[in-house]
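Next come the structures, one after another.
Each of the next two complexes has chain A plus one other chain: chain B in the first, chain C in the second.
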Partner chain A sequence: MGFFVEVLISGLMAGVLYSLVALGFVLIFKASGVFNFAQGAMVLFAALTFVRLLDILKDTFAPITLALIITIAMMIMLAIAIERLVLRPLVNQPGISLFMATLGVAYFLDGFGQTLWGSDIYTLDIGIPKGSIFIFESIFEGGVLVAKEDLVATVIAGVLVVTLAIFFQKTRIGRALRAVADDHQAAQSIGIPLNYIWVIVWTVAGLVALVAGVIWGSKLGVQFSLSLIALKALPVLILGGFESVLGAVIGGLIIGSGEKLAEIYLGPYVGGGIEYWFAYMLALGFLMFRPQGLFGEVHIDRV
Partner chain B sequence: MFYREAGQFKTSYKADQAVFPIFQDKIFVAIWLFIGFVVVPMLASEYMFRAIFIPVIIMALAAIGLNLLVGYCGQVSLGSGAFMAVGAYAAYNFMIRVPELNPLICFLLGGLSATVVGVIFGIPSLRIKGFYLAVATLALQFFTDWTFSRIDWFTNYTPSGSIAVQPIEVLGVVFDSPIRKYFLCLVFLVIFTIIGKNIVRGRIGRAWMATRDMDVAAEIIGIRPVYAKLSAFAVSSFFIGVAGALWAFVHLGSWEPLAFDINLSFSILFMVIIGGLGSIVGGMLGAAFITLLPLFLNQLPVWLGINISTAMISHLEFMIFGALIIFFLAVEPLGLARIWQITKEKLRLWPFPH
Partner chain C sequence: MNHSLLFRALLICVPLAIGGCGQDSGTDTGTSTGNQSNAEGVIVDVSDPNAQFVPVLSYRTGAYAPNGTPVANGFTDYLKLINARDGGINGVKISFEECETGYSTSRSIECYERLKGQGPTGAAVFNPMSTGATFAITEKAPVDKIPLITMGYGRSESRNGGVFPWNFPIYGTYWTAADILITHLGNINGGLNNLKGKKIALVYHDSPFGKEPIPLLEKRASMLGFELLSIPVTHPGVEQKSAWTMIRKEQPDYVLLWGWGVMNSTAIKEATGVRYPRDQMYGIWWAGSEPDVRPAAADAVGYQAISMVSSGQAQVHKDILSYLYDKGLGSGEREGVGEVLYNVAIINAALVVESIRTAQSKYGDKPLTGEEVRWGIENLDITEETIEKLGLTGYMYPLSLSCSDHEGKRAARLHRWNGESWEYSTDWITADDSVIQPMVRSASDTYAKEAGIPTNACDS
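Our next item is the complex of A and B:
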């Protein structure tokens, strides 16, 4: 039983990390209807920028803060550039064209980040505690082994989700974002500037990517494969629903725990490595019952 | 004046239903066939066959196949690499397990296996729509990647997991030289293009297009979505499966599961989008563009005499590729096929505008 809980918890925590990436997708899809495949590349770009700036600025008085500020500035510039160069010329195009355009952005960012900062594997250490601790020792014999960095990541992800929720529900900009998400034309007609909103949304997605990049980067090292975690976040996304922040979180938890449990308990029977596709099959199974994901909006077609 | 259809009257149903109703189109097609079958084999070098013509032709076949699904039936699929893999591995297994079979039959059987897989993984499309479906098709992509690298039976228990094949032999002719391979692929492409073109202008194709434009409305006017969507998946995956078998046996010769990974799926989708959704000729143009672009970008620094490291070149290649994709989508969202169409319309008057 203790082992089961251990696997479950490690799965849940991996799931939190997936939902961090999925969150960025959801934010952009909600506000602009763009299926942003470049989120993974943004994670890589943000993490690379941050880790290299840390290295350059390591002799200054506050390297982490400075690097953070500059990285955030770069993500804002990136958001503006994407809005100007990609979204504006492609306005009113079908979703698939926009999706392909974000694939182009992903290619560009992958290349640009590595041209600018090099393509080695960089270790990122911003003081997240390493090592493991035992918890629940009173409940299970021998306790449950949990990595400290996962705990920290979970706390950060939780804070991020709460912050985003408050931002969306309580602030003026958040309300404008929700209005745009509901209906572009209606939002525009009451005087919400769409282009400005898109810049904000892509900035927020960039910041989420930065957080995800720092956490993933300190776990795995900052390297090209960070860009591929977008593929890990996709099943989370369709499981939770494209339009729901809550869906991204819950979807992440389901996918993360399901994946780990399947690998441990099912994997040995079929030759292992099923983590690779299990998440997708799980999400596909869910979709057969709820085609719009768990918390996605139901679209009613009119003829 | 070069492309004026004035004066070409259709006096019979047969003329009205011709594949190329306009005389100039027939000439164009004839010229292209002449170039493909006579001019290119006379002029091209061995390197050009291997690096340019053969991959472009096979990819054109795959892109036409995917275009039937995405462009005509409106079901976005990110799993075309998986269908190619199924086609390739199925053809391989038919070939080694039933050695007396003609290799061409094996290719078609590979395509049929891809059809079966396509229909099974097309079933979710009856409930799932849009991007949800696109992501769901990735399930197939990852599942086949895993299957062909983990289950040794498919690779005939080769220790490294990679497969090497001999040049295929059909009726005593061994397809070992690039020019023979080229002819083989070209014949495949021509036959499948004719099939594809005729499917999309017939009843099935119209059912697909109605489903694409609005599936609920299509259902109301009497098109059964089950048949329309699943037949699109079936035909499309057959095309892509055959293309996969050709890609593996004729172009690669030896391959491992990674040859059919998600990047291949994305590049076929790029070909379809850049070429033009819902256009057969678009699939070919897109395939040529996407296959040649990396070759061109790779050679560019050499031609310009700039000396940069290979890592740098590959990063720059990524950047330029991405930027060009965005540029193309922004300038001509309907793809190269649309540019071709505009050219034809201009040629109606040019060079005498009055």
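Our next item is the complex of A and C:
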């Protein structure tokens, strides 16, 4: 039983990290109706920028703070550039056109980031505790082993989720973002500045990407594979719903725990290595019964 | 926005297509770099009718770039050095062109097709730099009559020149490497028989590369009575929690790490997370370089890997620094000269150059065809004297090939990461060919039967 709990907890914590990446997708989809395939590339770009600046500024008085400020500034500039060069010319175009445009952004950012900052593995140490601890020792024999950095990541992700939920539900800008997502033209007609809103939402998504990139980067080292982490967020979105922050979190937990349990308990019977596709199969299973995802909005169109 | 079921299905299919195909991932560059300017006769144009063309398949972008880049730097630096220092191979300059594969099999084949006809005589020899690509190109090489050097990777049975006349897995196959690791575990346990009852886990990259040692390890397990746990890790290997949770549960006596790229450093970190001792972990030679341990920092101390060559600098490195880097002609950063993968690539390039030199002794000092270079590889005889001339004393071992043995020698050392650098931890360990040879014969016979090719190419 202790082992089962350990697998479950490790899956849940992995799921929280998937949710962190998925949140970036949700933000942009919720606010602009665009499925941003470049979110993974943004995670890589943000983390690469941060870690390389950290190296450049290592002899200054506050390298982490300075690197953070400059990286945030770069993510804001990136958001402005994407709005001006990619989104503005595509206003009121079909969602699939915007989706394809973000594919282009993803490839551009992957190449641009590596050209600018290099394609090596860069170690990132921002003081997140390493090692592991035993918990539930009194309940299960031998206890349950968890990694400290996973615990820290879980707390950070939790704080971010709560902050974003409040931002969307309780602030004027948050409500404006949701209005833009529902209908671009209607939102413009009542005076919501579409371009300004898009810059804000891509900036926030960029900041979420930075947080995700820093957490994943401190675990794995900052390198190209961070952009592939985004692929882990897709089944989470499909399962949780594209518009729901809560859905991203619940979806992440289900996918994370589901894939780990499947790998451990089903894997040995089918040769192992099933967790990657199992996540998609799980999401596909949900899709059969709830096409809009667990927490997605049901759209009924008049035809 | 009205998002349909179709759109969601698309979102499932796209990432599975991108990420689910093993190593068929990475960025979509597919560009070639290289011979853009003539730098003091060091970089020679591919169209030069008097130059010997050597294609270079490399991956400087994508998930495997941190490992692919030093390999590409070492390989191209050595070719440039031959031009700069020696004026080419017996006066025949080398032209080369890099083609970016992203470690993708499909893109490697595209690069192969694009480069095979370049230069005055076509490609002299291909180094696919990927086991998956080697599997695919093995079918093409006999048709195009271009030899493949697969130093430390590729098909293990391809050392049998009777069936695979165009494949040269010089310096060791994965079966050789796996057997050396098992021999080492036997040595530290007081004999191979003492492995009986032990549990050995193989954590492997779920690709042709990672699966390659399994037949040898299974045979050894049945012979010696140890239990083998095979645990796959999906490309690129950033998510290994399940694998290491399994290891924590099973508590194997040893873990063999058959990884590449980010998988290796992630494995070491995960091992730390589940408190698995690093000094009970042994990597394949592709899991024993600086990019594999640096991200894990102090957690990697004590980790060992089998080694074709370790880090350090010999005379050839001094030449590379003075002839290339001091003149701004180096392929990478000066600090990278002498790292493990850089050195592996130097040896690989030296084998290519010496093969061409050997072939010139028969066919003359001129650009040679792939078929002529194949003869040179098969008759390669690297002696201590040759190694000293190459400036690689202590970094390369003597070897000679023959038609029936395209591997050369089956020995390697292990090296250990001490937190700062790699240092050799064992003397030379030789694989037991009485175990490997029957497997080679059986597997190559099976291949020949399936492919409808003869098994007696050495008899003619």
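By our rule, the second predicted complex is superposed on the first by the 303 of 303 C-alpha atoms of A that agree within 3 Å, B and C clash if a C-alpha of one lies under 4 Å from a C-alpha of the other, contacts with A are read in each partner's own complex, and residues count from 1 in each chain.
In this text, contacts are C-beta pairs under 8 Å (C-beta built on N, C-alpha and C of every residue); 3 or more make two chains touch, one makes a residue touch a chain.
Remember, predicted model here, so these are calculated numbers, not experimental data.
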item	value
Contacts of A:283 with chain B and chain C, given as first, second, both or neither	both
Partner chain(s) touched by A:86 [first = chain B, second = chain C, both, neither]	first
Chain B versus chain C as contact partner of A:107, first or second or both or neither	both
First, second, both or neither for A:220, with chain B first and chain C second	second
Partner chain(s) touched by A:97 [first = chain B, second = chain C, both, neither]	first
Set intersection of chain A contacts, chain C complex versus chain B complex	35, 95-96, 107, 110-111, 114, 119, 231, 234-235, 237-238, 242, 271-273, 276-277, 280, 283-284, 287, 291, 301
Chain B-touching residues of chain A, taken from the complex the two chains share	35, 85-86, 89-90, 93, 95-97, 99-101, 103-112, 114-115, 119, 231, 234-235, 237-238, 242, 270-274, 276-277, 280-281, 283-284, 287-288, 291-293, 301, 303
Contact set on chain A toward chain C in their complex	3, 6-7, 10-11, 14, 33, 35, 37, 95-96, 107, 110-111, 114, 119-121, 123, 125, 130-132, 145, 147, 181, 216, 219-221, 223-226, 228-229, 231-232, 234-235, 237-238, 242, 259-260, 263-264, 267, 271-273, 275-277, 280, 283-284, 287, 291, 299, 301
Sites on chain B touched by chain A in the complex	70, 76, 124, 127-132, 134-136, 138-139, 142-143, 145-146, 150-151, 214-217, 220, 262, 266, 269-270, 273, 277, 311-312, 314-326, 329-330, 333
Complex contacts: residues of chain C adjacent to chain A	1-5, 7-9, 11-12, 14-16, 18-20, 25-29, 60-63, 65-66, 69, 206, 230-234, 236-239, 241-243, 245-246, 248-249, 261-262, 265-266, 269, 272-275, 291, 294-295, 297, 299
